[in-house]
Each structure stands twice: as structure tokens, then as C-alpha cells.
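One structure, pasted below without further comment.
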Amino acid sequence: MSAVPAQGYLILALILFCIGLFGALTKRNTIIVLISIELMLNAVNLNLVAFSKYGIHPNITGQVFSLFSITIAAAEAAVGIAILLALYRNRRSVQINEMDTLKH
Amino acid sequence: MGLLSLLLFSPMIGLLLISILTKNSDHKSIHRYAVLGGIIPLVISWVAYIQFQGHNQLAERVSWFSYQGGQQSFVIDYELALNGFRLALILLTTLIVMLAILASVKQITKNPRLFYQWLFVLELGILGVFASDNMFLFFFFFELTLIPMFFLIGKWGHVEREEAAYKYVIYNGLGSAVLLIAIVAVFAQAGTTNFEAVQAYMAQRDDMAFQVGVLIAFLVAFGVKLPIIPLHSWMVSVHVYAPPAVVMIHAGVLLKIGAYGLLQFGSGMFPDAFPVFAVTIAVLGLINLLYGAFLALIQDDLRKVFAYASVSHMGIILLGIAGMNTAGYQGAIFQTISHGLISALLFYLVGILILRTGTTNLKKLGGMWTAAPVLSGLFLTGALAGLGLPGMSGFVSEFMAFVGVFEQLPLFGAVGVIGIILTVVYFLRAILNMTFGDPRKNKYEKMADIGKGELFPAGVLVAFIILIGVYPDSLSQLLQITLETLVTGMGG
Amino acid sequence: MDLETLLSFQWGMMAPEFTILITGVIVSLQDLFYGKKRLSNWLAIIGILLAMVFLSAQYQHVPVSILYDTYVFDQVSFFFKYILLMGTLLILLMTSTSRDEETEKVRGDFHYLLLAALLGGMIVVSSADIITLYAGLELLSISSYILVGLRKYNRNANEGAMKYIITGSLASAVTLFGLSYIYGLTGTTNLYDISREMSVIDTQLEPLAVLGFVITFVGLTFKISTVPFHMWTPDVYQGAATPITAFLSVVSKAAGFLLLIRIFVAAFTTEPGLSDDLTVYEYAIGFAGVLAAITMIIGNTVALRQRNMKRLFAYSSIAHAGYLLIPLVALSAFSLETIWFYLLAYMWMNIGAFAIIHVLIQNHQTEDISMFSGLYQRSPVLALMMTLFLASLAGIPATAGFIGKFNIFLGALSADPAHYVLAAIMIGTTVISYVYYFNILVQMYSRPKAESSPIQVPKALWLTIAICAAGTLVFGLFPNLALQFFSW
Amino acid sequence: MSGEIIAFVLLSAASVIGALAMLYVSKVVHMLLSLVLTFFSLAGIYVLLSAEFVAVVQVLIYSGAISIMMIFGIMLTKHHDQEKHPQNIGRSLLAGGGVIVFFAAVYGAIRKVPFGEQATGLHEANTEQIGIKIFSYYVIPFEVVSVILLAALVGAVVLAKREGDDQS
Amino acid sequence: MISFAWLIPLFPLISFMVLILSGKKLKNASGYLAILLTGISFLLTIGVLLDLRTITEFEVIWPWLTVGEIEFQAGALINPLNGLMLFVVSFVSLLIHIYSLGYMGEDDRKSSYFAYLSLFTFAMLGLVMSPNLLQFYMFWELVGLGSFLLIGFYLYKESAKKAARKAFIMTRIGDAGLLIGLILLFWQTKTLSFLEIFQAIEQQKLAPGMITLIAILLFIGAVGKSGQFPLHTWLPDAMEGPTPVSALIHAATMVAAGVYLVAATYPLFLASEWALIIVSVIGAFTAIFAATIGLVQDDLKRVLAYSTVSQLGYMMLALGAGGYVAGVFHLTTHAFFKALLFLAAGSVIFALKNQHIKQIAGSGKHLAVTKWTFLIGTLAISGFPLLSGSFSKEAIFAALLEDGQYGLLAVALFTAFLTSVYMFRLYFLVFHGKGEDKPERTVPLCMNGPMVILAVFAVIAGFFGSQLADWLAGGQGSFAVLHHSPTWLIFLATLVSLGGIVLAYYIYLRKQINQEEWKETFSSTYTILYNKYFIDEFYENTILYSTRAISYLIFYIEKYVVETAMAFVSGTIKAIGTRGSRLQTGQVQTYGTVALLGLAAIVLFFVVKGGYM
């Protein structure tokens, strides 16, 4: 029915995943790093949802999975921000590259 | 609990006595209990000897643990068994540990309580190695000796003691690592680690490549312990920097695990494949013999001389093993025992020397005989025993080892004989430089001779050295059945 | 779904989980309304003991699954839950009389979160469905993140927690990415169904299967801290309070390993997965061997340079994770047993060691190795115990660690083909590890004591140490106790 | 039919642009906002994929909750923060290279994978289907998620709470 | 009596053990104890000898060492040769014990001295009654030990230390040959018993080449012990020991053990022509070689030492030429007269406390007994007619003649001439001339007594040649024949001997031939001879130098190769650790990057491996 091939969604998801990954690894601001990870999770969700329609055995489970993933991601983000706030309180910095007292 | 288990765990009695009954500050009672704790295994081991002579098969087996994997089951039992060789080594161990304790009474002043505690753990490990009848148990105790030795060297040694201790640990750790790989490889194939059962399994499996591979691993593993050049540098450091009382045990017994292992694991389990290594072992033996001898020739430190002498003597063990026949094996075993006694004697004397002079540097020593004739005489006795003078144990073992190697590899034997010429050279050089010569050159002119109390351990060792030298059958009768097993892979 | 079906499941089997959940709720309520810190601790301990009692009742129970096979109670889950509960119990004992002010302030939350993390671990262990697994995993992870950052006025704790959550989220994103492919490939999240689907997989779908396998695996290496997701470990271990570090290294890691086993062994080992009659697992697991090798080497060599004890143990823990990967590579009938036994042994020895480190850190306010100086003079028993734990970690006989390593070895060499290289690397790096373990021994026995004041060891901590020491020794001398227990 | 393609192309372009913009704008707040675009476009794509409920949740949670939370986070910390170009260029290049390799490899792998029929029943009572699934199969994860949220809540409160006695 | 023969060595052993264990407690009693026990041995020996007239061979053995199916044994073998040796050894040893009572009277390590002496006696007695080569070898080494201890007796002297060490090492080199030989022999015949070996040779079980090899190896042992060229250098140095020791060990008994070895294994040598040739050539060369050195040495004992070397060469020469009886005969007579000479020299040294012949020139004449006994000894060794030496030497010449070794015969005769020259040089220099030094102390009876007894034996021993031949033939068989020289040879030998005496007389007593002038004329020859052909220096610069070089080579291998390899391994491990640690920058994004790179690499690997791209 649809002309959009399944690969289209998968590749879109892959692209977003990669961008998210790159962002998470290069961005300086910790919040952006966290949100980049959220982007990666989004890409995963896209995969899941796409598979729930176009997979080998498409079914609703993929959507359920993505719902769980979204929820948990939100919790994770909340904790992340909380930790960041605690850190900021102690260090006055959100630069991720300045967190390097623990090393070697 | 059988007699063997009792023997095996008897050092624990000493450990407990010291731990419970003494306090750190009370050195006198610590030493007293240590001596008591040393006597107990000694007595039990002689009881075992008498039992064994009465044709009492001392063997114990308790099932320990097992795995069920697919079709095969892997069983490891707690198996102890004696044979002549093992018994001889056990007697040697209990004796030398006892004497080392006596030596420590004067030599160890720093925290003797801990010292003896580790010493008893070490004794437990060594006894376990010699009493166990399967590879796993062997390894279990083999590895157990690592920590006590580490401390005995690292805490009570001299100068570079900690480096020596680490060297010891690394080399031996690597050796036992290789050993473990080989043991587990065999175990994974055979499903058992019992020496005889493995031998039976290997005989019917007839997988030469596998056996050769495993044997190479054993050769490396025990080559570290023995040591075989170039895996020897740890052993020299230990000889030099460990406290002499510990070196008595180290050179006297611990190194012997290498020889024992090579015989027990090599020809005891793979009688068909082991002869493949005859030439290899002969070459290694020769290298050891000559390398050690040449180096012993130019050392300035008495302990280094003895260390390289040990390396050289281990070459004779290897040569004997390379003979792959009864005479060779017996020579190797005799050398094992004999070198144990001799090096224990020598290092006992070194300990006394250090107490008197604080040095073992040959350049600083000289003309000692006038001041300390008995000590010097004992040193000379030890050296003569070491250089294989007939009438002492060293000769019998060298002779048999050479007889053994000459059957198949006469050329190696002939070159090896050069080594025993060098033995004379370096032993006499060291000992005569120290004891002979102008007494006025002796900075320690007023050094006390060996005391009456100190004489006893040396006397016992000399007595045993001469007993074996004069009447070797006292030892060789014990070994015949073992040898038959080793050579033919049958019997026992 | 009607109520009848719902009630037809044997919910009773979930009693341990429920116990933990309820304990967690009680503890947090208690903390909220009464704020009695000591009480929280005892409540938590009682809760865990109760859960262990419930769990014990399941010994030799026939495998049961509930909720359409999404949640199972089998042998494996039983034994791993045992480790999780026992480990957490020991850690709770360890903290029961903490004198650390920073920890004291957040004590109630600490207990609640610890129980939550434990619950997550237990769910991971029991679940047979990817979604359940993921939820459990995240419960464990998120609780752990918070636990690490709990000492919020401690810069190191903040930093550790931040690094932990960033790496953790990254890893869980990677894991999920891989899992999404597995879902796409099989259309199901149930591990049994996945396994069934895999056996009839179309050859053209092979890339997806392999990708799913590999990516998920790499993502999950975070949890067990092996290469490539291992680098957070030292930083986080150093940043976290010592009991938390112990928790991470033992409980969290045990759950991580079971996760790996569940997903990969259950889902990818049905034949024939791929074209040449290999299962996906057999086809792809080789790289885990490489990872194991690198992990062992990195862990043990970098540990050589550490002076900070918690970092040192972090690298040691990386190395141990490397050892534990080997049974997975050389998968055989007793891989599971091997991993379980090793984790059990690791629990005793590592928590024991951390308990002593905890005491010393509290006494000395430093984490440097010098805190061990002259420990033998100050407290011979403590030194002896530490010696035992270190010996076990180093794999010296008569300790559980040795038997654990021996098992791994046996597994590696009895596999077909035998993994000689891996075994050699393992044992070689073990020897390297002697150096840093023995270094601590030298500090304890041969160095002059740093302070002459006696070391104060809380009673409950003695209990932890004693239990750990007993466990280390008993399972080292009589491994059959555990091995027979395992093969019911 | 072609409408779907057009929608897909537009939405995916928007999402990728949003994501890329996140990488290239310099102000932190702008980055966040550009990502919100991505999140919205993804919601649209979910609709294309017959996942209306997920789409709604996406909008609510990602574009709503999470983004807002992040903005709070930014505001509570250094909200004027500007992203400078990465100092550690070598590592960024490595990361970029790694990402590209990863992309290429995975792309290569999934490019040709054949997919069979597509599900047809997803539209019908999408939410109900999800509900049934969750409350029959995924009761435990559902409960677990509640615990997670609770834990996260407690944790966030504990961590972020500023205690009066400690103002240093 | 003969069945108790094995008790003979035990008495000295008891003496040794008692003395060594009692330390310094038994000061003066020590000597008497040793004499008493050695005396018992001597008496037992006499008893055994009496029995030997009827029983020609007696063997008693016990198992000593079991090696699988092989059994090595210990025991005693008494046959005529052994009996003779027993007699020589116990007799000379007893005399020297007595002599030492005086000579060592004032030394405070007297008890050690007697202990060592007893040890040596024990070993030597055990040696000569060994039933097999293994036991033989063991006692062979033990006599070496005794020799070593006694050479180094004055242990505070550097030279004594060096000499003792040298003696031990040089003989050990020979021993190595012996050891190899006997082990080879063992694998050829599966036995080490003399009797069984001879049977095996008779049954021609051994390949001829192997026999030659074994014989040569055994001979190397003999070379070492008997101070034959090229292993002779230790023997002159061994004179560092107390003089009675030199008499006993380095003249009469131990050094003759090499000759005894060849004699005892004579059938083996007979089976190989080459072996005999080598034995005789080495013997002849050593004889003349040592004699030439002896000509110019200035140390009393050294001259005697070189004389010993030379005479031992004679014995070897005799054995090599088939003169079995001649060799053994000369061994016996030599034992008496050389012991005598040494004891006499010892008295001189004892009295004058100096042994440099030029420094004590002529002072010997104050010691009457010494002078006359020394003269008897000198005459005997020079082959003066009707003294023992002349008979045994003549037997040697005869054997050479019989064997057709004319070249060697000429060498032997020339050596005999040289012998007279240097021996009378010694005699004239020490006992004739100005003699300014008065002896510091008189020579006691316990020293003179043994000298006189030995002098008697040195005179009369020669008359028992044919009896000896019969005696030996009783045990050994065909080869034990005494060769008799034709008259011209007797005449020639006497002439040579007398010629030497006359030459010495003119040079050293009448000084008609100026020796200094000769020195000038043949200065290079003199230097070479005086420095003993620079053999010691040669060894020093070749063998010792290269040994040391090898040692240092290995030392550097040890230091650089082995240690470097170790350092490399540990360095690599540390480097990995350092790298790993440096990678741990504390930057969480680095951690992520590492993970990403790992992930990318793995994924790429599988994609490429599966060929998906």
C-alpha cells in the first residue's frame, strides 16, 4: 500500500541515531549531551514503531516497547538533570569537559 | 583422617600453637613453639616412613567435587598417596623445615611470630604438593606456596628483598599459569586428574600431538621452578636476598618441586611421549650445567655462587631425566634429595656466617679458618658434597645421572662431565678464598666459631649427606617401585 | 484478559520480589514520616532476609512462568537472585553503622534506592521478555545512578554520577537499538519466541540478526563493564561511596551477566540460525573472545598503576568481568554454573575487600593505598581477612576465587575447539594481577603503620567481613557445596 | 499514497534538519529548540506508521515534558552558555569517523534486508490494542516502570533539593 | 685372615673420624692414636699377604646401590697386585705416620693433620682393594681429597691455597676422563667389576675402537693422578704441603695410583695397541720432560717432585711397552726410595727450616743419618748397580727392548742419565760444600727411624724382582712376566747412570765445569727449563683465560640478554598500563568515543565478514 519502503524508516532512524551519538560525544554542554542521548532513544523508538508495522512479523508489541522506552527515557532524563543540578551547585559549570577530576 | 592427611595438615598444629599461645613480644616462647611445631610433622613423617616400609599402602581418597558436562563427567577427588619418591621428598621437607626453624631461632628477630606462621603455611603447601596423587591437588598446594614465600622473601629478606619477592611471584605465577593450562587441558580430555588414571587414559588415546603439546607446557612450568635457563633469574635473586633460613627451604625443597613435577607429570603420565623430549631436556640440562657453572665462577657474592651452583646442579637433574632410563631417573631423584640436603647445609652456614660478619661478599672475607675452623670445615664439607665428592650424596646422584644419560646420549654426557670439572673450580674458589689464606686479611678476625647449639642442624645434614653417599641403597630401595612405574609406565 | 487468567498465574512465586518492593515502600514511608535511619537499615535487612526465606522455599521447584512466559522462575533465576539478595544483604550490613556524615544524611533514600536497584536486578534475572528485561535493567540502572550521586555535596560523587548516567544512557540507547533490530527480525519480544523464530530465520535476514546480536552485546558490556564500555568504571567506583561501589561491582554486575546470558543464550543458540549450520551465537560470539582478551589485559595492566584503592578495585573488577566473558565465548553445558559460581565467589571476596576498604577509608579519610600501611600491626585479623580476600581475587588455591578461575579454565579448554589463547591470556593477566594485589599485602605487612590509633570496626562490619571470609574459604575448600546446590 | 511519501520526505527532512541544527547552532537553547522540531516530526512519522498513540505520547513527553525539563535545566544552570567549537578536535574527528563507519556498516547491512507484509490492524483501536497488550503481557514492566518513576522522583528530589543549612 | 681384608681400611677411617670429631682435644695423643690404628692395618695387611701365598684371588662384595635391575657393589678384591699395593701403602703410610710425629710435633693443628693423613690412608687402602671401577673411582677421588687437604694444610699460606686448589682441579680433569671411560665401559659390559670386565674383554664383547677409546679415557684419569704430561703441573706445586705428605702422597702412593690404574685394568690396555702406544709415548715424554726441568730447579722438594713425575713417566712407559711387571716393580722400588728421599729432604727442612738448595748449600752434612740415607736414595733412583732402582729400571729397559721400541728405549736411557745428574746435583749441593748453617734443631729418632727402614728397603727391594713376577703371575696370568735384559743393556744402563753421577760430580762438587757459564751459553734453554717450559703460563693464558672469558660472556648474556628480555616484557606490560591509564582522561566523552569506536569496528567487521555491504 505504502510506497515508503521499510528501509526508509530504518535509515532515517539510523541517521538520527548517528547524529544523536555524534552529538552526545562532541557537545560541550551536558544538557545537550543528555538531550542528544534522548535523540538516540527516539531513533530507537522509530525503529520499533517501524518494525511494528513493517517487520517480519509486524505486531503491536513494537509500539508498546516504544512506549516503555519513552517513559523510561523521561525518568532517565529527569535523573540526569537532577544530577547535573547537584553537580552545578558544586562546580558552577555544566561543561562536560570540565568534569575530569576523576581520571587515570 | 588418615595418616597422610594428618601429616599433611600437621604444620597447622604449629601454626595454631603459635597463633593462640604466644604474643608478639614474647620471642622466646614463639621460638619454642615453632620448634615444637616443626617437630610434629617431622615425627609424623617418620611414622609414615615406618608404615611405608612395613608395606602399608598409604593412600587416601575422599570425593571432593565434580562437574557434569554433557556426556562426560569431570571428577576431582581429594587423593593422597605415597610412593618412595614422594616419601623421600616429604622426609626431606619435614627435616629441612625443622632445621630451618632451628636456624631461624637466631636469625629471625623481626616479628618471628608472623614468620613462623607463614613458614608453617609454606610447609603445608610443600607437603601437599608431594603427598597429592592428582594434578589438581598438586596444583592446589603448588600455588598455595606462593603467598608464604612472597612474604618470607619480601619481609624478612635482605636489601632488594621486595624486588626479589615480586620476581619470585611473577616467574612462579607464570610457571604455574602454564601448568594450570596444561593440567586443565589434560583434565578436560581425561575427565580425571589422578596421575594413574590419566596415564591409562593417555595410553589408550594415543594422541601424540596433544601429549607433546601438554608436555611442552609442563616443561616450561617446571622449568621455571627448577629453574631452566633462561627462566632462572628469579631464583638467583631469591637465593641472594631471601633470609638464609628461607633459602634453606627454597633451595632445599621448593626447587625440587620442579624436578618432581617433571618426573611425575612427564614420565609418570606420558611414558610414551616423554622420550620425545630426551634430547631437548639433555640440551637444556647441559646449558644449565655449564651456564650455571661458568657464572658461579666469577661471582663475588657467596650466595650468588651457591645460587648459580644450584642452577648448575639442576642441570644434572635434567641430564638424568634426559637419560629416560632407570639409572637416569634415579640419578635425578638422588640429585633432588642430595641437592636439597647440600644446599640446605650451605645456606644454613651462610646464615651463620651472616650473623657473624654481616656479609657474604667474597672480597671482604678471607682467612676465616684460623678464627672459625669448624665453620670453615663445614663450609668445605658442604662444598665438597656439592662438587660431588664420593662418600657424599652428591657423587652418587651425579654418577647415576651420567650413567643414565650415557646410555642413549653419550656425547651429552661427555660434555656434561666438563661441567663437573667446573663445579670443582667454582666451589673451591669460593670456599678457599673465604676460609684459607692469610688470617690477617680477615677483617672479622675475632669472629666466633659456630656455636655448640648451632652445630646440630649442620651435623644432621652432614650425617644424611654422608649416609646417602656411603650407603645409597638406604634411599634407592625406597625408590625402586616408583622408578619402575616411571620408566615403564606400569606397575606401582 | 480476565481476572481468572490473571489469578491463575502462580503469583506466589513472586513473593521475594514483592517482599523487596513492599520493604522498599515501608522503608521510604518510614523515612518520610519517622526518619529513623537505623530503623530503615534493619527494616531493609529484615526485608531481604524475608525475601531470602521466600526464595529458599523455591529450591528445587519446577520451572514456572507467569504472564505468558514473560516472567519465569527457573533454576537460573533462583540462583542469581540468591547472589543479588545475599550481596545486597552484605552491603546493608556493611553500612548499618556508618559513621560517614554525608551518607548519613541520605540514609533513608539510600535504603529505598538500594532496594529498588535490587528489585530491578531481580526482575532482570527472572524476566524472559525483552521489555520486562529492559524495564528491570533500567530500574537497576537509574537507581544506581542516583545511588552514586547520593552524596550530593561530594564533587567526586557528582562527577561520578554524571559520568555514570551519561555512559549508561548511551549504552542503553545502543542496547535498545540492537534490541529493536531483534524485535524487527522476529516480531516478538519474548525470548522463547525469539528463539523459535531464529531457528526458522530466512538467510537474507542474517545481517539483521548479526547486527542485533552485536550491537546489543556491545551495549550490554556497559553493565558488566567490559571493553568497549568499561571506561566509566574507575571514575564511578571512585566517586561513589564505598558500599555503593561494592554494590555496583557485585550485584549490578551479576545482574548484567545474567542479562547477557538470558538474551544471548536463550535467543541465539537455536540451530540452525545461519546459512552454514551455525547458530547466530556460534557465528558471532568470537568477538566477545577478543573483547574478553582486551578487557583482561586493560583491566590488569592499568590496575598496576593505581594508588587509589577504589580505582584499583575498579580495574580489578573490569579484569574479572573479562574472565567472566570466557564461559560465554566457550559456551558449554556448565558455562552457566561457572559464571554463577564465579559471581558467587566474587561476591564474597569483593564485598569482603570493599568492607575492609570501607573501614579504612572511614578511619583515614584517604583512599590511597597507604591506608593499608602496617595494617598487620594495627589489626592482625583485619589484615588476615584482607589477605584472604586478595588471595581469592588473585586466584590462589584454598579460596573460592581459585575454584572459580579453575571452572572458567575447564570450560574454556573443554570446549570444542579449546580456547587456548583465551585461557593463556586469562592466566597470564592473572599473574600480572598478582603484582597489584600483592602490593597491598606488602603495604599491610611490611610497611610501617601510618597511624597508631586503633582501627574502629563497627560490629556489623565484622559480620560482613566474617561472612565473606567464611564464604571465600568454604567455597574454596568445598566447592561441591555450591556445585551440588546448583545442580539440583 | 504519494501523499504518504511526500509526508514522509517532509517529516524526515524536518527531523534530520532539526537534529543537524542541534549540532551546528551555537546557543544551547537553540539546540534544544531545534531538537523539539525533530521530536515533532518524529511524532508525525509515527502517525504515518499507524502509531497514533505513540505519536501522542511522543508529543507529550518528548516535545513537552523532556524538552521543558531540559530548558529548566538550562535556565537553572548557565543559561547564556554558548557552545564553542570543540577544543578536542582529534577526538571529535575520531567520533565522527566512528559514527560514519558505524552508519555505513549498519546501512550496508539493512539496505537490502527484505521485509514481508505490513501490519494492517494497527490503526484499528490502536490505543486499546496497546492497552490490552500492556495489561495482559506487560503487567510487570508496567509496575516496574512505576517504581522507576518513583525512584527517579525521589532521586531527583534528593539530588536537586537545596538544603537550607548548606548554602556555601 | 684374608676374609677380613676389608677391615684394613677401616682402622684409618676410625682414626680419621675420632680425630676430626674430637677437634683439638686430643693434642699429642692424636699422633699415637693414628699410628696405632694404621699399625693395626699394617699388621692385617701382613696377615693378608701371608694368606695370599695360597689363595691368589679373593673377592667379597655387598650390594651398594640398586638401580632397577642393575646393582652396583662395594667390597674388597684381593689379588697379588692389590696385595702388593696394600703392603706398600700400609707400610709407607705407617712409617710416615711415625715420621710425622716428629716433623709435625710442634704444629697446633696436629690432630687435623693426622686426621687427614688417616683419611688419606683409608682412601688409598680402599682404592687398592676395590673390586670394581666404581669403588675404585670413589676412593680415587677420596685420595684426591686427602691430598687436597694435606697440600692445603698450611692454609694461611696463599701458595698453599693455590696449590691445593690446583691439585684438586687438575686431577679432577683427569677424573672426568676416568668417569666417562668407566661409564662407557659400564654400558658396554653392563658391569664395573674388574673380573667381569676382563671376562667381557676376553670374550671380545667390545668393539676394538671402543676399547681404545675407553682405555685412553681411563688413561687420562691416570695422567691426572700421576702427574703425567700435560696434567703434571699440580704435582710440583703440591710440595706446599708438609714434607711427610709429599713423601707419602706425592711420591709413594697416590701418584702411583695412576700407574696402578693402568696395571689393574691391564687386560683392557693390552686389547688395544693404540692405547699402549699412547701410554708409552706419554710416559716417555713425561719422563724426559720432567727430568730436564728437574735439572735446573732450586727448590729441594721441587726437584724431587719433578723427579717423581719423571719416574712415574717411566712406569707408564714400562706399562705401555708391555712391561707389566717392570712397571709395578718400579712402582714398588720407587715408593721406597722416593719416600726415603722425601723424608730425608724433610729432615733437612725440619732442621734447617729452609728448602732452597742454594741457600742451604752444604748445610746438610751436619745431619749424618739424613746425609747417608739421602745418598742411598739418590743412588737407588739413579740406578746405581745392586740398589733397587737399578733392577727395576733395567726391567723397564728390557721390556722396551723386547717390545722393539728402540726410540723410546733411547729416551729412557737418556732420562736415566739426566736422573743421575739432577739427583746428584741435589745431593752434592745440599750435603757437600761449605755448609755454614748449623741446623737449628736435631732430627729426632722417630724421624730417623723410618728413614733408615726405608733405606734398607731401597737397597734390598731390587732383589725381589723375579719373586715379584711370580707373585703377580699367580693372579693375573700371561702378561705378568719379568723381562730380562741382555748383558749389554745392563752394562749400558749402568754406564749411563754412573756417567750422570760423574758429570754431576764435576759440575757441582768439583766445580770444574762452571755451571754459570753454561747458564749463559744456553740462557734461553735455561730460562725455558727454569720456568718449566712455561706450561703454567700457557695454561693460564689459554685455558684459564678462555674459561674466564666464557664466564664473562655468559655474565653479560645474563646481564643484557636475559635481563633485557625480562625488562622488555615487564616494560611492555607497564606500557600498556600507562597507555590505558592515559586514555582514561576523565572525559566521559572520550569513554563514549572509545565505546563507539569499538562498536563501529565490531559492526564493520561483521558486515565485511558476512559480505553484506
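The first chain written gets the first letter, and so on, giving A, B, C, D and E; residue counts start at 1 in each chain.
In the analysis below, contacts are C-beta pairs under 8 Å (C-beta built on N, C-alpha and C of every residue); 3 or more make two chains touch, one makes a residue touch a chain.
From a predicted model like this one, the values you see are computed outputs, not experimental measurements.
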Contact-graph separation of chain A and chain B, given in steps at minimum: 2
Given chain C and chain D, the chains that contact each of them: A, E
Shortest path length from chain A to chain C (each step joins two touching chains): 1
Maximum centroid distance from chain B, chain identifier (CA atoms): D
Innermost chain, where centres are averages of C-alpha coordinates: B
Most remote chain, CA-based centroid, reference being chain C: E
Pair of chains joined by the greatest number of C-beta pairs in contact: A-D
Separation of chain A from chain E, taking each centre as the mean of its C-alpha atoms, in whole Å: 95
Interchain centroid distance [CA atoms averaged], chain B/chain E, Å: 36
Centre-of-Cα separation between chain D and chain B, whole angstrom: 69
Cα-centroid distance, chain A relative to chain D, in whole angstrom: 5
Contacts with two or more other chains, residues of chain B listed in rising order: 170
Multi-chain contact sites of chain C, meaning residues that touch two or more partners: 131, 134-135, 138, 142, 145-146, 149, 152-153, 162-163, 166, 170, 174, 181, 202, 205, 207, 210-211, 234-235, 305
For chain D, residues that touch 2 or more chains besides their own: 88, 91, 95, 99, 102, 106, 109-110, 112-113, 138, 141, 145, 148, 151-152, 155, 158-159
All pairs of touching chains, each written as two labels joined by a dash: A-C, A-D, A-E, B-C, B-E, C-D, C-E, D-E
Partner chain A, residues of chain E touching it in the complex: 581-582, 584-589, 592-593, 596
Contacting residues of chain B [partner chain E, same complex]: 170, 230, 233, 291, 294-295, 297-298, 325-327, 330, 367, 369-370, 373-374, 384, 389-391, 395-396, 399-400, 402-403, 406-407, 410, 413-414, 417-418, 420-422, 424-425, 428-429, 432-433, 435-439, 471-473, 476-477, 480, 483-484, 487
Chain C residues within the chain D interface of the complex: 1, 6, 21, 24, 28, 67-68, 70-71, 106, 109, 112-113, 116, 119-120, 123, 127, 129, 131-132, 134-136, 138-139, 142-143, 145-146, 149-150, 152-153, 181, 202, 204-205, 207-208, 210-211
Residue ranges of chain D touching chain C (in the complex, touch as defined): 106, 109-110, 112-114, 132, 135-141, 144-145, 147-148, 150-152, 154-155, 158-159, 166
Chain C residues touching chain A - in the complex, by the definition given at the top: 130-131, 134-135, 138, 142, 145-146, 149, 152-156, 158-163, 165-166, 169-170, 172-174, 176-177, 180-181, 183-189, 197, 202, 205, 234-235, 238-239, 305, 311
